[in-house]
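What follows are several structures.
Two complexes, one shared chain (chain A), two partners (chain B, chain C).
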Partner chain A sequence: MDGKQGHSYVVALAGNPNTGKSTVFNGLTGLRQHTGNWPGKTVVQARGHFKYKGQDFVLVDLPGTYSLLANSPEEQVARNFICFEHPAATVIVVDATCLERNLNLVLQVTEITNHVIVCLNLMDEARRHRVFIDVPTLEQELGVPVIPTTARSKQGLAELKEAIHLVSSGKLTPQPVRLRYNPMVEEKIAEILPRLETLPPVYNKRWIALRLIDGDSSILEEMEVKI
Partner chain B sequence: MKMDSPITDSIVEAIYAKAETITNKVVKTPIQQKETWTNRIDNIVTSRALGFPLMLALLCVVFWITITGANAPSEFLARFLFMIEDHLTAFFSFINSPSWLHGLLVLGMYRALAWVVSVMLPPMAIFFPIFTLLEDLGYLPRIAFNLDHMFQRVGAHGKQALTMAMGFGCNAAGVIAARIIDSPRERLVAIVTNNFVPCNGRFPILITMATIVSSLTIRSAYQTVMGAVIVLAGVLIGILATFLVSWGLTNTILQGEPSFFILELPPYRKPQVGKVIVRSFFDRTIFVLTRAVIVAAPAGALTWLLANIKINQLSLITHLSTRLDPFGKIMGLDGVILLAFILGLPANEIVIPIMLMSYLSAGAMLELESLDAIRELLTANGWTWLTAVNFIIFSLLHFPCGTTLLTIHKETGSWKWTALSAVIPTVLGIIICIIITQITHLFLPLF
Partner chain C sequence: MTLNQLPAGKLGVVLCITAEGPIRRRMLDLGLVPGTIVKTLRSSPAGNPTAYLIRGSVIAFRSNTANQVLIRTIHRR
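Right, the complex of A and B next:
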């Protein structure tokens, strides 16, 4: 199983800025990384450990980003980690009060990796604003586990740990619903895919093809370093 | 070439369309009132007319709470710690220890530690929980928003306000926080000017001096209000210096177009009051205590040695401070103060303890159990309100502490920028102190 570092599973923590990512990080690891209500607060990539059911996990707090299309250094850091470091699971922290904007990031991550868990955070706030989210349907639509949480009062974190455990150990492999692009894009992907056959099997070739036809040169540079 | 490609557009379109479809399926009630509620507050706290006054008023209230709240615990701590000192002294004479050992350990190390803890700890333990509450609430980005166009005007980055806010905790942390600024040019501006925000080690200096100045000038119930206003004025001087130096840098060695950025104003969130207060109270206490043990104790020992090693009947401290005295006098300070700032390079927390010990070494032995006693010691050594004002200004405008300088070197990778970060504020501080002193001497010959 890849995504292991020694005996620990590596778990990435992604999400939009200011969704309580650091609070989830602290809640899971028991660390006290500084939290604050402003976007862009996490400038240093934090790592923490936790143990669940006798298994060690290393949690990596990625910088908060709205997308992974790599327009900024933070986005590149987050994208490269998810794509090239092969975390055993990627947890995406999502702000339940503005789901639509957050889903844009989720859909981009599920294009890269199957091992995704959505942490639907700030449920208390959503409830207060009378936003009701149909979690089972959301799970179905995305094809990945969705765990509602209120990280600051530690609600749902036990369930989140269980989901991380299941996905990391391979007991559960999410099947994210893939995006369908317009015929022109799909055609181009089909054209490039055979030429990527020589890549190691852990890479998501469809996604790399997509980045290439998008003219994203940073992905080439990164692949040169990694492969 | 990426921006306008139809492929990029269609990829992004597919993602957005899917996100919208899913959202419409699973979200039952759309968000309405939250937007308007946050917006309504923002219309007030970020408005052109009220944004600034509200910000200043809020800061003033925070300072007032800090000063008022810190007084009693400060005195209690001082009384308690100096009572222990008496017991330590009794113990040392009981075991017949040589007087130099007692001097070094008790009068040097222990005393410096006791001062750092009693003077520095209470203001920090009150100010930081309040500050953290404001941060948790979501007020910091509003401050950045209010200051944004001023930063634009001096050619710097609006996010610099956030790095300044971090600087309150520790300038080294503020320098690291400058990583949130993408443009290397604007990041350098933020790094070099971060020192103008009074950090953890200098903020209590401000509080102590403000209390002393206000008690020198008025004696009434408004004393603490006056103190808060002086602290606010000190912080504003630091902010003005930030703008001035940023403007100077961006018009000379760091020219370039200001970059645009989108600052998202997050929704206000109810802070976790209890947790924040307890957490930041203990974090600050541990932070201050650790620094006190690591820096203040050795500095206290060193100061004691300097005060007690005599050459030609005069202590080293007297020799050194006499050298510095003429220059200090031009700045409206004195040699002891300058020496304290120089010896305080490892950490600003020890500037006041070193200064007090140096004054005390001249002979007078006072029980410094309260701010009143400190004020008496200072006036006995020729302090006036002008000295205190210059002291406040120089504590804001001088070289950063050792830790911050090392951090600046680490972040910029250049000794040149590290040196500039030390030289610019020091020169600025010296010039301003000289101007204030000379003008005062001109118009108020009695002082």
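Right, the complex of A and C next:
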């Protein structure tokens, strides 16, 4: 299993803005973070660490974004980290009061990697708004673990750490439900895939093929730097 | 009709996004897809931009962006 930095598993924390992502970050790491800039970008990067069951984890707080595809500097940073740094696990913090809009990012991340955990945060606010979420069904529909939390009062964080541990160590490999596109797009993907054979095996080639179909040139630039 | 023609206080349902490129991508990311219900909230004093309620969020578009969203008006909720 890859995604290690020394003896620590690298875990990415993604999510829309205002989902309590930083509260989850602080709750997991106990504020043991230091901030710096993402290389070449004026986007702040926070890293923290925590220990669970004797294992060290490095938690990387990605910029809050609604998408990984619209090419703002923040979105590029988040996308490049998940795609090219292949973290051992990616936690996506979603707002339980506004699940519909948040699931877009979940879909985009699960297109890149299987090692995904959904942190269903702000459960207390959802309850107050009389929003009730059928967690087992959501888990089944997405094919990834869904952990309800109220990070502000530390509820669910122990369960979240356990899920991070299981996914990072490879004891649990989520099987996200993948989208099939229309035949025209699928044909093009099949056409492009053989030409991506020479890429390192950790790269998700189907996803890269989709970006090329999108006409996303920033992905090519990024790969030129990486390879 | 297009979204910029939807009067304040009225509801519409998205039929199609004619925008392309990054603007289309951004609209889709905000949940503006065919079938989405949109409400015009209010316009700025100069009439541009205009605030819309989309899936529980208030989003502002300029009229030359909102005119790239085709809608049909709907009456009452």
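Note that in this section the second predicted complex is superposed on the first by the 214 of 227 C-alpha atoms of A that agree within 3 Å, B and C clash if a C-alpha of one lies under 4 Å from a C-alpha of the other, contacts with A are read in each partner's own complex, and residues count from 1 in each chain.
The criterion applied here is as follows: contacts are C-beta pairs under 8 Å (C-beta built on N, C-alpha and C of every residue); 3 or more make two chains touch, one makes a residue touch a chain.
No experiment lies behind these values; they were computed from the predicted model shown.
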{"item": "First (chain B), second (chain C), both or neither touched by A:Leu99", "value": "first"}
{"item": "Which of chain B and chain C A:Met223 touches, first, second, both or neither", "value": "neither"}
{"item": "Which superposed partner A:Leu31 touches (first chain B, second chain C, both, neither)", "value": "neither"}
{"item": "Which superposed partner A:Ile189 touches (first chain B, second chain C, both, neither)", "value": "neither"}
{"item": "Dominant contact partner of chain A by residue count, chain C or chain B", "value": "B"}
{"item": "Shared contact residues on chain A - chain B and chain C", "value": "69, 98, 100-101, 104"}
{"item": "Complex interface listing, chain A residues touching chain C", "value": "66-67, 69-71, 98, 100-101, 104"}
{"item": "Touching residues on chain B, where the partner in the complex is chain A", "value": "1-2, 5, 7-8, 10-16, 18-20, 22-23, 25-31, 33-34, 132, 135-138, 140-141, 144, 159, 162, 176-177, 179-180, 182, 263-264, 266-269, 272, 279, 283"}
{"item": "Interfacial residue positions of chain A with respect to chain B in the complex", "value": "17-18, 32, 35-40, 43-44, 69, 72-73, 97-101, 103-104, 106-108, 125, 129-135, 137-138, 141-142, 152, 179-182, 184-185, 188, 210, 213-216"}
{"item": "Residues on chain C engaged by chain A in the complex (per definition of touch)", "value": "22, 25-26, 28-31, 55-57"}
